[in-house]
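Each of the two complexes below includes chain A, the first together with chain B, the second together with chain C.
And now, the complex of A and B:
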């Protein structure tokens, strides 16, 4: 049951010697990163331990919810090798609390510190930090810290959190409901009253965890002479980490901050430069963000205002922000886009002690506190007519954010994206959504690859429910209701514009062609003869990667300017070429794809491009780093733009030297020459040497360059949707409940592909995580929020024997915009849970309301065993 | 190679004599040191990665006396007298092992944190018997976790290495 993979472009045999403009983009250039990573020469955060470096270990709460009544560190402190034990109350003295990053109307965001002092809120909540000569000694000492707790009721489920009488995890919020808001579009009441049918189902997705193979970690180095702080970290966003360390890891008194700001012109200058880097030309756009949203926060947590002023003054009063460098990173999937409480605590300890400290998280800590996601319950009602026309959608969403808010990206922004994307590519007339966020005593909710993916899961499940009830096929109901080329220009009910790049229906039609649907009955009969049931599931979605220019304004007005992406391109005085990006690669192969884009612009070989990233003293500023499937379209868009720009200034200088018109100058294999006269060409080194001789060098990002140009990719003007249809075939063993996947097909359209092998890898990796979510993985807690999966014996990540081959078929719709590549990092994970659960429902003939379907659950659904 | 460990012994020190990537070494470590920590902290061989430290993820896989071993589960003391190979020793005089070449050709890895463990597992498997079907390869690699790739590119890499090694023999 296999069908050949089809690639519209690409081959594995591409040489890396450039033949000129356009040679690399669209081909499977082999990875530049491999030259160090395949020989054990990578530099991950745990690999760098400077001489004399101390090591940290955390003391963590064993209870889901408790009052901390005493902490005795004396025995731990006496252990030879222990340098310091820092408790939650020490941290309150030393540091500033975390502040809300995003204000939504009615949202409560607690203020909290990097260590807890009065109350613990989940198993794993850090209450003290031990600093010692080795990790082993630090861990031994952590066990000697004596903490006394008065245990409170742990809240382990959404139902318990919604009970207004439940023990409030954040007492100022009065109960555990932190956000409750309803938005609507169109005449919801009218459409639901008028439609022939209304169908309703509730869908539940349990907690998952990102689980990159490398855990979190940080090294904070303090120069013993100058006190300068430099940080190495496994982070998806080095600039974000830098600002947060500057803001939180050391508390300075308000008056002192203000005095240092006012009395020190250098500091004022440094701040203004930093503010300019941050705000840039986006001041006006940022001002339009919703200031009323802050009012509720200030009412519930009045300290927010004072802390914002205090932290703001502190940022103003300093010019010694730490230097952050991130090197090789062992995956993140969103989890390392968060700044961890642990990172701030370690930085605070290093600053307080004046010594370098490394912290490397262990896997148990990572499973408890390294980032969890996706726990949501969604009740969907669809109003439709008898012919299968879907008309109205009414959604009730509850999201379990766990104890502490994600920082900075967590539940609130995810909820907003879910609200915007929930109707999908279907022509609904009306849409309403109630969204609630609750707190429970669990690990924190973070962005996990396609954080909003449950809008796709629940909608695509519900579309199948409607189809089954009306006797339509999965594909019929989708084709009938989806937007298509006849509809453009169009807009989603929730606002964002739809254009030709929203080619979801085309991917569905292509998937139908490739799926051999006429063989389905034979396959089903064959499965039955082997004691199995075969099912097929379709799921389609569009995702904003990067989305149309107006997209983020509909998610969170006033903030789309934050998504702009700067890049620099330079030629050194010796003629070598650098591309500087604010992206922070952690597995996506940026060094290869950006070299492809830049080499094509500059007419050089892949090896001629050096990518500079990850080091905040060198890389361009951008708070978000890598995430949101933005590396290809936005980061890549900036590279193309700046590469083109660099080419134009190099060609202008060369034209001068060649006494030719710029229009006649071309670059092939690094030879800059008048077209047709390659023998009289110049190298980049020769052009650079002339720039030096003529005294025309420029200031680049970290010194003097022959050429250096900057550009910014802005979301206004370019963009588009990335789309796919997934088709999954399952065979369910009716004796054991085991689900196998004999075939899996993805038809995706992310526009013109930069590197097909890399795109395939992203798609397959995402699908594998989706398979894991449905069949194996669950960040399980009991009713009182005691974790049930804190090792890899319990949190089951699928292996090579569980993940099938995944066919990937590419369509490449061109967008009207200038930068045409669209994102593909998250899509695999967005489509897979829906396609798999739809296939399982088709196989067993029973409505599937859960996303997590291990064998026992399948047997329960089939009535073979009884739920306990 | 010198003992550059930053760890301070709190128990009695021991000295482990063994061969690492063809070189005889004597390494002084605290008695409770795991083999992985000895390689990484004492010998600076940081290509061996630690993903779980409890024997499940396979990132720490190295070859000890010809067999693939999880170095996080072995004490350094148990390695006395043994012949150890790590990712750093796989290429010979800068020439990649066929498994490395095949992984490069097939875009085997993404973040590559898992890569050393997978490649050492594959090398031990192919040295044991290079005639492996895809199913056998998948089962042999079933003790190594990769969170990025969905495994297909890694399996394709090993299959290509099988073809190369068959051609060579």
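And now, the complex of A and C:
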């Protein structure tokens, strides 16, 4: 499976990983998922249409910013096939507003509903929901809903949003600057005054959009007899969706919800016990959270307090939460980690009407409202000495979050991660960051594969700017200033610990070896002879995947506990083995890699492991689901831990049956036996049968099991950095501005690899999206915030013919951690934009301040055409 | 993204189709549907009746006259055009343009004549028609009409076809001796509509250009010729100062639109680059053939 251009350095030995039980971990086992998906046996939300199911379409604002002055649904309601038309004011009666999830000190977070009723804030803002017998009829009716608007000034750029006189999108925030905070680390003034040089550049990244193959979608089924609600959805976080539907999609009056809380002793008892346990575990962490954040929120949006009490009481008082099931998912890249306003509106409609409703987003909706990302402007100043020693870093970041906040993951947490990671693996003496979040009339900002990546992009661009001005090479300046093995233990200026896993400089040195730099001049000359300019770009980074144990406390104090990962392992009464994860696979190959980890713990084959996920009545609870490159390190850690735990209880029973000491019992190919006596072994089925015969079965997650064990893996237990150096070669056609990539190299270190082919795929997929960001993809808006790319004719995604071969070289630095696999889902996307833009700058010899470089922009930068 | 309600008919005779077109004011011909159906699904167009011509006999033929003129029927797909030895031999610019159109799946269903009738300004085939002085053959209950390409493309997505007419075929005249040409375009990704494209057709006699056609696409509301530049090429060898002047004339004449993919200045610059590349390619081929 491993491609010819993949190369491994470093050593890998399963025995060093504390397992020594099997041979699957570390090999390119073929993906378990592939056959099902390739032959069309996958089951996506659109594939499930129960009898009598209704279909939804949204009426959406055609204006970026307007007051909604009237809405007439009468004609739409009369159309045959239409069951209901629900407006924004209906939804205010039916549902609770969304509440802030992560508060930051000084951040304004609005309260808002799933449909807008008084003001629309971007093109695509939903104002009504049509429920009809088919999607086509629903769309026909949506056209008949008569909405009157009073158009307001649309805010389409960061500059316009920063203008204090701009029309406030959230009037309670007074203007469109929602967050502004400056933090100093070290003696910033002193270092900048003392350094030989200070260089400053501004870097701009336009909006991109997460573009999974499958758009968003939800099916809310209502049992016509019992009224029970079950949900299927394309979601990265089923438990989060379940809680939000329970919290928002039905509104109880305050007194009613408190009454039901008080009259439900079982629920109340369970809650109090859980709260006590949580505070017991995490009391210290909770104390470190910043209470000024909530104080600010209550000052600017006092209704928050009332809504939190009311929604909280409703959540705790009810015991009829919907059941959420997510099956196959066609990608998400972070966008499906958000709960969509549409999902809450559809759930509310199904509850109100008492009928099942399906909504499958179309691509135009997806491009307007499915999630956009990465629109940031960063001004970086680096103070350095004449020899190229970088000393001080000053960053002014403005993030454009669009109209509505991400829910729950969006701009605030991204800003925090950007700030913590901004200094990178460089030995700065002082660092200052000013971070601002602005509102504009655009689609909402969500997490997109390496959401904080622009800190890497801007820093790695700026390092190259400094190198050029001082006459140093790209690699020289990096080698000179990066942390290396002589520095450990160390810590970033922003707090997180650095250790041997921060092997960035080693990947740089390895990349230099592989890059054939002595051939560079010949390549440049050859390109010139063909009317082209060749350039090379390096970029290096480390990312927290999961990061050291103290990492998340530096990002957002008091919330580390959210990152814990539960898992269950069980043996059925018939002897089959299940691993239950709270991870929600949507392309990452969990069924394969977790089977590899578990099979090695349990001494069985891959095929013997069934992975259970996605169904909230079965999967362990975890609000975040899959995201943040946590599947390998934290989810995988939980699988390894619970697998070992299950092995110990199975071995104990088997030892009893074999009349042997547990220390003498081993498992090979499913044969549980005394070491050296395989002929007298037991199968899992035989051990399970004895458990049943002895009346020792246990309650598992959804019934009776021979064995069932639970564990929680905390990311603070092990940890470490995932790192890489990317090298990109570009050829720029000086006549057309077309950029080609003749070679692309990634040297990465994510620790010991579970499955090399899957890691290669993750790296290459990420690089492809980085190529998309620089050369093709732009969620463009005009100054007034009218979208300019709402179909695939204008939002260009690179296809196979645009992506070059991507060489991947693996280094596998080991750390003392028990579960040493580090995340690799996001890194490709984090490194690529910097490497590509650095290469383009090298090719054209002009400072590159934009991340998005379509052909016309290249020729503008080269002075060949004049900007419009 | 579902089309608004519409009626659908699939007549099995040409007369039946023409009858429907003449009696339904708001009808549209459906052949490959590669442009029409997306327009309807985006609700940018809402014809009340689609007349599906796919079951009408004889429209899927490619006919070569004795003099070498090639006639392509309304149901001939781009893929069929690409694969036709007759077209490659007698109408090489048509064959050369076909692979640039969309992707394989689009070319398998989309039709050459449909693309011409749709008249997208960034599409290849209208420019091929202009460069080769193709003839449009339309038909209706009132009889057939023959419309030269130069009079056919009247505006953005607009042609000289009347609402009741079906574009039954396009005829590409035989190439004169010494004819050569090239199709050059620049697009963001392979298969995208061109940022700018050029169909260049020259007649070269003993090293001198005796006739020139420069038909651009993607740079205005319709595909368009640039007679000012063509005139500067005629009588020259198509190189050096003559080519420089033609490039200048192209840049001075065209006024391309600006959008997220390219500014006016960029497309104007590209048009000049393509003039240089297209003429050079055409002349190189002419020399190769002589040699």
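By our rule, the second predicted complex is superposed on the first by the 829 of 868 C-alpha atoms of A that agree within 3 Å, B and C clash if a C-alpha of one lies under 4 Å from a C-alpha of the other, contacts with A are read in each partner's own complex, and residues count from 1 in each chain.
The working rule: a residue touches a chain if its C-beta (ideal position, glycine included) is under 8 Å from a C-beta of that chain, and two chains touch if they have at least 3 such contacts.
Please read all numbers here as calculations on a predicted model, not as lab measurements.
By the touch criterion stated above, A:794 is placed in contact with chain C alone, chain B being left untouched.
By the touch criterion defined above, A:806 lies against chain B but remains apart from chain C after alignment on the C-alpha atoms of chain A.
By the touch criterion stated above, A:736 is placed in contact with chain C alone, chain B being left untouched. Once chain A of one complex is fitted onto chain A of the other, the partner contacts of A:70 are absent, as it touches neither chain B nor chain C.
Within the superposed three-chain model, A:164 lies out of touch with both chain B and chain C [touch as defined at top].
By the touch criterion stated above, A:363 is placed in contact with chain B and with chain C alike.
In the superposition on chain A, contact of A:136 is made with both chain B and chain C. Touch criterion not met for A:471: it reaches neither chain B nor chain C. Once the two structures are overlaid, the count of chain A residues touched is higher for B than for its counterpart among chain B and chain C. The residues of chain A shared by its contacts with chain B and with chain C are 134-136, 140, 362-363, 791, 793, 799, 801. Listing the residues of chain A that touch chain B in their complex gives 12, 28, 30-31, 33-34, 37-44, 46-47, 49, 51-53, 55, 79-81, 133-137, 140, 211-215, 328-331, 333, 362-363, 586-589, 757-758, 760-762, 764-769, 791-793, 797, 799-801, 803, 805-806, 828.
Put simply, chain C touches chain A in their complex at residues 1-5, 42-43, 186, 188-193, 195, 258-266, 269-270, 273.
Residues 134-136, 139-140, 143, 362-364, 735-738, 776, 778, 780, 788-789, 791, 793-794, 796, 798-799, 801-802, 854-856, 859-860, 864-868 of chain A touch chain C in their complex. On the side of chain B, the complex with chain A involves touching residues 4, 6-8, 10, 30, 32, 40-41, 45-54, 56-57, 59, 86-88, 90-91, 96, 100, 103-107, 109-116, 119, 137-139, 141-155.
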